[in-house]
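In the two complexes that follow, chain A is the common piece, with chain B as its partner first and chain C second.
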Partner chain A sequence: MPVRKRSRLPREWWVGYLLIAPFFLLFAAFTAYPMIYALELSFSDWHGAGVLHWIGWSNYTYLLTNADFWASLGNSAVMWLLIVPVQTIGAIAVASALTRSRLRFKKTLRVVVILPYVTPLAAMAQAFILIFDNNFGVVNTVLGWLSGPSVGWLTTTTWAKPTIALFVLWKTSGFALIIMLSAVQGIPTDVYEASAIDGAGAIRTFLSVTVPLVRRTIGFFIVVSTLGISQMFLEPYVLTRGGPYNSSTTSGLYLYNHISASDLGTGAANSFLLVVLVFLLSLFAVRVLRSKED
Partner chain B sequence: MTATADISLDGPGGLRRPATARSRIRSLLGYGAMLLIAVLFLYPLFWMITSSFKPGATILNNPLSFNPFHATLHNWRDMFAHVPIVRALFNTAVVVVFKGAVLLVFAPLAGYGFAKFAFPFKGFLFGFVLLTLMLPTLVLIIPLLLEMSQLGWINTFQALILPGAIDAFSVFWMRQTISQIPDELLDAARIDGAGPLRAFRSVVVPILRPALAALAVLSLFNIYNDLVWPIVAINDQQHQTLAVLLAGLSSNVSGSQAGASSADLWGQLMAACTFATIPTVLLFVLLQRHFIRGLLAGSSR
Partner chain C sequence: MVSNGVVPSGLSRRTLLQLMGAVGAGTAAAGVLSACSPGTTSTTKALASVSPSTASGSATLWFRDDDLLKVFKTLLPGFSKKYPNVKLTLVGVDVDTKLPPALVSGTGVPDGSFFTDNNILGQAEHLYDVSQLMSKYTADTVQYKLDVNSYQGKLVGIPWDTDPGLLYYREDVLSGAKVDPGSLTSYDALLNAAREIKGRNPNARPIPLEQDPNLAMQWLMMLVNQQQGTGMIDANGKLTIDTDAFRKALTWIKAVADEGLGARSKFASSAQIAQADGDVISLAPWAIWFNFLIQSTFKKSVGHWRVAELPAWTPGGARSGVMGGSSFVIPAKAAHPELAWLFYEYAVYSAEGYKGVFGPNSVYPNGINTALPSVKSALDPANPLFKPLAGLGSQSVWDVGTKASLAIPAGYRIPSWFNQAATYLGANLQKLMDGRMSVDDVVKKSASAIQTNLVDRSH
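Now for the complex of A and B:
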């Protein structure tokens, strides 16, 4: 990757500025300036009107001593546990099964699985609300045939999080599969031949050949999903509005709730706490991956 | 980072063996698993589409049944009568076209500038761009909202189009792709008397075409389905996009009592959702190759 390569073209310096100018104007106006503004807001008491009051670290200490803030982080952590391991393991397993078998319709399956990823979240979430409805839903109807219990999928504190996680899994697993497919297909055939000669079975080969060889991709995928889940707010917003009793209020939705309540200073502080958290998590992930590679 | 070509699934295959009873059972199991996965992933879509053609009472009382002979356009007619969905689709189209145009013109130009020209503070500026890649979008929502209200842009198309029109990632991606173009090609164009823009048009753009197609397709879906920013910036009917409209519709329905009238509302809602999903599914089927290439390019940095 020629990242550090210097251009040898003896051009006038202002041409470069001219080329990046449109991007930087938009970038400065709608990314850099708001970012600095947000930092200032996070140290202020402001509800959308009047003068900014500088209140120092109060917003931060308020959040850090607030049970709801920690509960929202806890909800996000549970979401992570419900989504990331299932999706990662499932995607590698399916990807390697698809790559190593000689079944037909493999391309069709790839298209089918990626389809939910391109559908509008707002639309599909509505369908899920109905499919998982307590009284009228497909899922409870089928459970009824099997004389199973009627479950309050989106309306009980026990099931709201798993049901939202199920929606996320349905919506995004195609993306995971594509990434894993590209990694698994990069493994040279002779590695598998060697493993077959050594008498390794399918499961043994999967665990000691496939998984270690796609470790970097797994790491990348876990970092990306962690970033996504730390910011997740649309899924619980559309499916449950964070309820019941805030049981599905993720950290992203908690932050959004500050915005809609015009509690803007606290919201800004909340977002910077998330930035710090995400940064630390990524740093930790990079560390873990590095140490494994050595 | 390479824009990997379309994945062929014929990678390292299993060792060739004659078809034995055992291998037949295995492939049967394989097809069974594939079928199960396909059904799980397609069923919600299938259910949504078919429900939009069912009478409201059937959706609620008999959610699993679908009899194509009893299909009705009732929900669709009511939906078009009561929900300003065509207007919302038009708004979404405007946003997709303009946002996409800004991105597809200025991101490659910025990438070209960063990849092939030397200027003061280049490293610093590019580093700053990379830094914002780590920033959660939600951090920007509050100050952007304030900025919009100061500019008087709440409920305007500018508010939907300009923020986030060029993202740091696209510039990064274009820069990486353009750096792989040999300088000699650009030098040759220069010797022929082409200025920087001419060289861009006649040398860079043709080579960049696959990456641009992937970028276009990927951002098409992202902009079409985007909900986070529009939901904050838009609260009137004039400018709401499809996604905002749909997110609001559900609260109308779930707010009312489950009964006869709400059954009809659910039917309309499913019609609206299906309406919003048709364009993306059609586009996806048409642009599938480019889309998957775009996903891969986006992932393997």
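Now for the complex of A and C:
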């Protein structure tokens, strides 16, 4: 009778798995488990204490039939429109100019653009509130000198979203620039030389060479920006608290409002709806990008 | 040796990873995160008394990280003398932000905490029932504070201060407009005074109309509580928004807005400070904490402000209403809840304690004058705890404030979803002030939205 050889994992394999185990443990504890737990919460009525009541799809149907939920998505969509196209086009243009032109003070310019990104948001927001204050803000003071109207930048439904978008542009354009700079700087110079030999001007080169060659980066940036805006919370919270009349309550702030009120089930359902939405939007962006490449 | 990603033993890489994931998830579930699991906390449990002579150990209490923490620390020597074997650590934290997650997760829970009344009932199930311990003090406690701390017939908070609504006015502006402050005994008289002031100074907008939805809603609730002796819900939990009291208060606010008698700005913002310190705002029906603006931020108008009880809605009606307040809570998961209680009992219900906090101390040499105790026996007109304010022309706020504190109608109940209601009632109130909604719209739409989104969904 043949002796059955006892199979064992080679020693070096165990060492390998031991070394990567911390990642899996942390992932399980702080990502996988909370996600599964949140999914369970989204089907329950639980306020942080007592027994969890399973209520099926109730939280989802409540949100999907609630005007406030859709209004928060609408506010986020407007924010996206006000921020992402402007930021994307602006970042490529500036990155291209910084890379290719013979601008003086390039380094100073880079520092100026990136400085708001590395400055704490709360400090930036306080400065911004002072600048755009209805009564004492610098902007309205200058408008007053020019006999212009006194605008409620952060206190009227017309201006609250554009003013918050302006703040986000000011704060995060440095990040966009870093990404686009790395992409534009990766374009081989001989492509530009060939373009010049063909007689292309600066705008033609930008549209026909720079933009197509950084398309993947643009796609990546749009997906990341979409994620960021779907989660946007701090900016409206600090500047307007979602007002006036909830007109600047973004989907992230709306989600926070449920969680801060210990309405954890609805908050969890809201977060999963956002996950699905962002996934679909990202998928759409990737598909569009891929079809262009095909 | 490995070939094609399969371990020779037959234990595939996938299986091994699955096992590790399961172990990790299991560890997390059973260990670190087990405290978060639903159903692990039951409803409020009662906290029994402990004999002072046997009290020993150490406890951690949370306070807001401001001057109040320093004031309460001045009580520690007296407390230690009474309870030499008890060591307390008073810590300053952002209570409103940090306490709820600590209570929900059960991690880093203090033995007791300062907490604003608006937030208490939302966390009631995480707190001890202190009814038994409070039984000997309830008769000596302002009733509305007991009401805001009551949850399903149990007391889950120990009342600390009252914040009565008062009427602040600029004596110089009123005398310039020939308005007798003594005549401001009704809200109609207040409107007439505002019209007189505006008649003399077209730039004046004498009454502040709060721009923050949360604070504006709280201000509205003061006007409503003053009339009907309830909050946004009655004792049975039924919404009271569609009532005469709400309509009357909203109609008055609308008149202020429509006639250009109200200044729109956020409380204590640079805009409001300039308006009140200039001649724009001169009549402020607001909480006693308006004192801090007069004392610390106004420059030109200091000494010109005076204070009186609120006008009444009906002749002989209440002259004050609920405008804030805080209490102490003891988490159900506190390690030494009995020690926390001993400190709160000492701070709130002993004369040494409340005199130490509200009276002159090393932090406030003239005493705290932006709140009043919730202990009735401490609200004695003959024994003021704090001194008159220079900013109010050396007028005694104590005299006015104690009357107002005792006049706050009982029956004020704060639903667990109170703060969320600002999304609907607070926002609609802003629209009313901006002339974009009628009183009827505010009442109907707010009541409907709150019923659907908050009442029907609360447990």
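To be clear about the criterion, the second predicted complex is superposed on the first by the 283 of 294 C-alpha atoms of A that agree within 3 Å, B and C clash if a C-alpha of one lies under 4 Å from a C-alpha of the other, contacts with A are read in each partner's own complex, and residues count from 1 in each chain.
Convention: a contact is a pair of C-beta atoms (placed from the backbone, for glycine too) under 8 Å apart; a residue touches a chain by one contact, two chains touch by 3 or more.
This structure is a prediction, so every number in the text was calculated from the model and none was measured.
With chain A as the common reference for superposition, the partners chain B and chain C occupy clashing space. In the overlay built on the shared chain, the residue A:243 is in contact with chain C alone; chain B does not reach it. In the overlay built on the shared chain, the residue A:89 is in contact with neither chain B nor chain C. Applying the stated contact rule after C-alpha superposition, one finds that A:288 touches neither chain B nor chain C.
Of the two partners chain B and chain C, more chain A residues are in touch with B. Using the contact criterion defined above for the overlaid structures, shared-chain residue A:252 touches chain B, although it does not reach chain C.
In the superposition on chain A, A:17 makes contact with both chain B and chain C. When the two complexes are overlaid on their common chain A, residue A:192 makes contact with chain B while staying clear of chain C. Contact with neither chain B nor chain C is seen for A:81 once the two complexes are overlaid on the shared chain. By the touch criterion defined above, A:100 lies against chain B but remains apart from chain C after alignment on the C-alpha atoms of chain A. In the superposed model, A:27 lies in contact with both chain B and chain C. After superposing the two complexes on chain A, the stretch of chain C that clashes with chain B is 96-104, out of 78-86, 96-104 or 186-194. Residue overlap on chain A between its contacts with chain B in one complex and with chain C in the other: 7-9, 13, 17, 24, 26-27, 29-30, 32-34, 37, 41, 48, 135-136, 264. In the complex of the two chains, the chain A residues touching chain B come out as 1-3, 5-9, 11, 13-20, 22-24, 26-27, 29-35, 37-38, 41, 48, 94, 97-103, 105-116, 118-131, 135-138, 141-142, 170, 173-175, 178-179, 181-182, 184-185, 187-189, 192-193, 196, 220-221, 224, 227, 230-231, 233-234, 237-238, 252, 255-256, 259, 264, 267-268, 271-272, 274-275, 278-279, 282.
Contact residues on chain A toward chain C in their complex (touch as defined above): 7-10, 13, 17, 21, 24-30, 32-34, 36-37, 41, 44-53, 62, 66, 68, 133-136, 155, 241-246, 249, 257, 260-264, 266. Here chain C touches chain A in the complex through residues 1-2, 7-11, 16-17, 20-21, 23-25, 27-29, 32-33, 36, 38-39, 41-43, 100, 103-104, 122-123, 125-126, 211-214, 264-265, 270-271, 274, 416-417, 419-420, 423, 427-428, 430-431, 434, 453, 457, 459, going by the rule given at the top. Within the complex formed with chain A, the residues of chain B that make contact are 1, 4, 7-9, 11-15, 27, 30-31, 33-34, 37-38, 40-42, 44-45, 47-48, 51, 59-61, 63-64, 102, 105-107, 109-110, 112-120, 122, 125, 128-129, 132, 134-147, 162-166, 168, 171, 176, 179-180, 183, 186-187, 190, 196, 221, 224-225, 227-228, 232, 242-244, 246-247, 249-250, 254, 258, 266, 269-270, 272-274, 276-277, 280-281, 283-285, 288, 291-292, 295-296, 299-300.
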